[in-house]
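Two complexes are shown next, each including chain A; its partner changes from chain B in the first to chain C in the second.
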Partner chain A sequence: MNTEQRRKERIDRGIKVRTDGLYAVMSWRELSYLTLPRIVLIVGLLILPFVMPSMYWQRVISIVCIYALLAVSFDLLAHFVGLVSLGGALFIGVGGYLSAIMNTSLGFPPLLAIPIATIAGAGICTLLLLPCLPLRGVYFAIVSLMYPLAMTRVIEALDILGGTDGIMGIDSFPNRWVEQYFVILMVLLFLFGVRRLVNLDIGLVLRAVKDNDQAVRASGMSITLYKAVAVFISSAMGCLGGACIVHIYMWSGMSLFALDFSIIPIAATVIGGAGTLVGPVLGCLILVPVSELLREFGTLRIVFYSLILVGFIVFRSEGIMVYGQRKYHQIERWVKV
Partner chain B sequence: MSDQPILEVKEVTKTFGGILALNRVSFHVNEGEILGIIGPNGSGKTTLINSITGFIKMTSGKVLFRGKDISRKPAHKIADMGVTRTFQIMRPYYSLPAYKNLVIPLFSPRAKRTGGWRGGGKLGDRNTVGIDILEEIGFERDSFVPYKMASTLPTGYLKRLELARCLALKPEIILCDEVFSGLSMSEIASMVPLIERLQMDGIALIMIEHRLRELFRVARRVMVLNFGEKLIEGNPEEVMANAKVKEAYFGSDEEVEEDMSYA
Partner chain C sequence: MLEATGLMVFYENMLALNNVSIKCEDKQIVGVFGANSAGKSTLMYTISGIMEDIRKKEDMAGGERITVLGQVRFLGRDITDLKPSKRAREGIVLCPERRRIFPECSVMENLRIGAYLATSSQAKDTLEYVFKVYPPLERLQKRVGGFLSGGEQQMLAVGRALMAQPKLLLMDEPLLGLSPRIQSMLVRSTKEIRDEKGISIIVTEQYARPVLPIVDYAFILENGAAVLEGPRDEVLDNPDVRSAYFGVS
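Moving on to the complex of A and B:
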């Protein structure tokens, strides 16, 4: 008689009990269980340019990546620091115009202008937002939304920075492969960089600022300083995106301050799963192509966004990534008892 | 204990709109001393701590820490000098395990400078130092307690965690806002030696308490607040014998009269 019995066991059972960082003692099986999702994401993003049917869709991938940078930036501020930012448009605009000016006036090539615009732009955005950092509540959201609106009016009224025509004759990336892989690598760099950051001790402090800012002050640390650090990192991501856009379109105009850049990343974060960092990237991979498909509907697109968003909030409020992670951890295998 | 003042509070006044929450309160604490502050509910004790530590701006008055005026400094600068506080309503990071709660103060500039409690100028691994501090403050090291989420800890441990956050900064003085309240008799009994040990290590303490018997075991000098004004200060026996204190603090409650006889 066969007395052998079997029962189901969760694959992550042996992994859960160990602390993070102890990979040495793991079997290859557990290791692959842990690293597989990461590899799928990285490889998936890297082969995207090859599988796109046309140059038009390759361009869409670049735009997806720029929104992905914005979405990670939003998620970092909202979920780990407690600042709800509507500043996507501000970051894109500042980074974009800076890179455009450096390219057309100073003659910097794109791959030099972009990093400078990223750092300088982040500095400018952080300074602009500094006054509302000590305040709690909705002030940060309102002020970050107000700046891009004000910028367009200023550019229009004073006819500076190319006025309503914008700045033309901006150099493009050396070729479209450089463009594609530059933005894709940037998304991966910042995604994993931010993931690492929030798990470091300084990330713990950032999360503490969100949890309980009075206790952070009682611990002898300035909450304004740590908020500023987070805003700097966040706006650097946005400015990087903006700097890339102007070299993709070879044009920099007032539409860089369009509110799409503030709103779509938030929608993508809701869809992908807030607080997961990778979820917002997935959200962009879904939302941005859908919005391209809907392009012919013009402004009616906003109705579709709203429907998608409402649908998600009602039926899957946690977001794809949170749901997916849970299911992944629940995968079971048969073991002998 | 020396007679050198570590903290001098001079005529501190605080108004909320029209309400006078503190009216020209002056007192001092000596190096290594424990000063008790008592007073009925709403008498301004927490407001006093908030004003000294910079969590609210005082309307007028001065606070000197070792002779240096700290009354206009922001809260984190004051904490950075070693003037630390606990919160009456505990403020742990609920989403973190107890020991990770200490990683945050150990990340502060002051902890980096001083090495944290018992650090001797050098800060080791923050997680380990955090667990060391928790052990000293009464978390059983070999149990799961230091690794438990703060949200699942009972009040007794949360009160200790408040003190532990101060210790992580290697404090010069701790302003304790009711660390005994909400605790059982046996929990308080285990806290009292802890407080005495802190004093032996040279830390000065201000202790706001409603639990007089336990307070008088550690504090040799007590100040009474009533309606934002300082009534008197002196040793526990003097204070308890004072008629004004009896009236303000206890009314004519006989039960408390009895309680006082223990003091």
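Moving on to the complex of A and C:
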């Protein structure tokens, strides 16, 4: 016989149970239990530009935020719609070039060019990806990976859009505070917006598409339409990031289509916790600075990077956020069976 | 032959199996009956070891915590901690619920995948035997598994399990969703397999009537607990069982 008839039990904390309903407003303690994690995230992101030691690191914050936008967009597509997207580079590139063209050719100021590039870029990306939306399986991943590869070659071969030199002389943000707070606020806006979205009716349909698209079709809904909406939203996030990045670097070139933009968000999602939306942002906050720190190792940093990733997948494939949420909401104890 | 004692399985805090002990003697057909959520599939997964696999996956992904307590002995050996693949090598082969055939492989390929553990002469003999017990399969050899009808898929699933040279065959709801005619054919063939091959069989089912005639010993599960057990005739005569699992009042 198994002598040790004990098992570890997980139960929700009392405060979690109490704050599930309307009773949450009964006391400050319970209110703070609910809001504290959110406040920590919001305030934490907002004070980041102040605590960074140098201009260089402030710039890193902007880049982190752009990756965070991409990571949230990946998480939305992969874990709420079931489309594994490798199109981060496509979104960044389309948004970036659009904003750059509008700024240099049409003379739009950055704060006008960015929103237009976001919407127009999302439209373009959605149209480009539309043919593979009715299909299930790896096709979406393949197609979204092929576009950025094709784009760089097209730009190079036809020597359009500045060719290999890229488009130069793009206006920057009015000053670096505007730049940083703009991207940080956008991350927060989209993060909480998407979190809201996936709990609305349309979010339910999207999750249903992920679970069983045939059942959704049988309910008389067009899965292509719903997938297109989701792709539009998440490519808007990516295009926004791309539009911001060209105004940060004041340059738009072929490296906007670099695969980093497709891969790092995925890595961040794995580390942060898939399907939590907050997790990917946390993942970016960890991964991007780490990769900056490892910059002095040159190309060897990819090795460290891969090691971190493999370590996470092998030992904690749930991700930081899932783990953290569980610890926050639940206690564990040994009970006799 | 197989003796499972004090099996308790928790999915997180939900008790799926509550102190269930079942045993299966040599060359016996043992029936396990119970409604949905009674714990039949959990019992099958626990005996075949797949529960261990599910537990590890859930653990890695941070999902539900599954706790398995109790002991499983097979042929006098404690196999509680054995991996499902090792258990299959020992001779415990599961024919899973909803068949789980490989839908994109042909019938022949499905059977050959099942024969992975067998030597080539064993595989050849068993293949002939499977075609003898389930004649329709011989005709359908080249058809893709996913396009077979439900009954044919079930025959294929049992055939595939037989190819693995089981000493103990676990059949999880083999009659699920089949017409009465196919059901009775499958039940007859199950008995045939036991008689000719000398394989012990544990079969689970919700509705006992079609299967009970061939079982030697029966267990009734209710809400995760074994509420009743006994030889066939004893169970057959029990008025509660008759009303609950036979539809006879």
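Operating definition for what follows: the second predicted complex is superposed on the first by the 305 of 337 C-alpha atoms of A that agree within 3 Å, B and C clash if a C-alpha of one lies under 4 Å from a C-alpha of the other, contacts with A are read in each partner's own complex, and residues count from 1 in each chain.
Following the convention adopted for this analysis, a contact is a pair of C-beta atoms (placed from the backbone, for glycine too) under 8 Å apart; a residue touches a chain by one contact, two chains touch by 3 or more.
Remember, predicted model here, so these are calculated numbers, not experimental data.
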First, second, both or neither for A:318, with chain B first and chain C second: second
Which of chain B and chain C A:309 touches, first, second, both or neither: neither
First, second, both or neither for A:258, with chain B first and chain C second: neither
Contacts of A:5 with chain B and chain C, given as first, second, both or neither: second
Touching partner for A:202 - first (chain B), second (chain C), both, neither: first
Chain B versus chain C as contact partner of A:146, first or second or both or neither: neither
First, second, both or neither for A:326, with chain B first and chain C second: second
Residues of chain A defined as touching chain B within the complex: 201-202, 204-205, 207-208, 211-212, 214-223
Residue numbers on chain B that touch chain A, as the complex places them: 53, 55, 74-77, 79-80, 84-85, 87, 91-96, 100, 103-105, 107-111, 126, 165, 168-169
List of chain A residues in touch with chain C within their complex: 1-2, 5, 7-11, 316-319, 322-323, 326, 337
Residue ranges of chain C in contact with chain A within the complex: 5-6, 8, 10, 12-13, 60-63, 65, 67, 69-71, 80
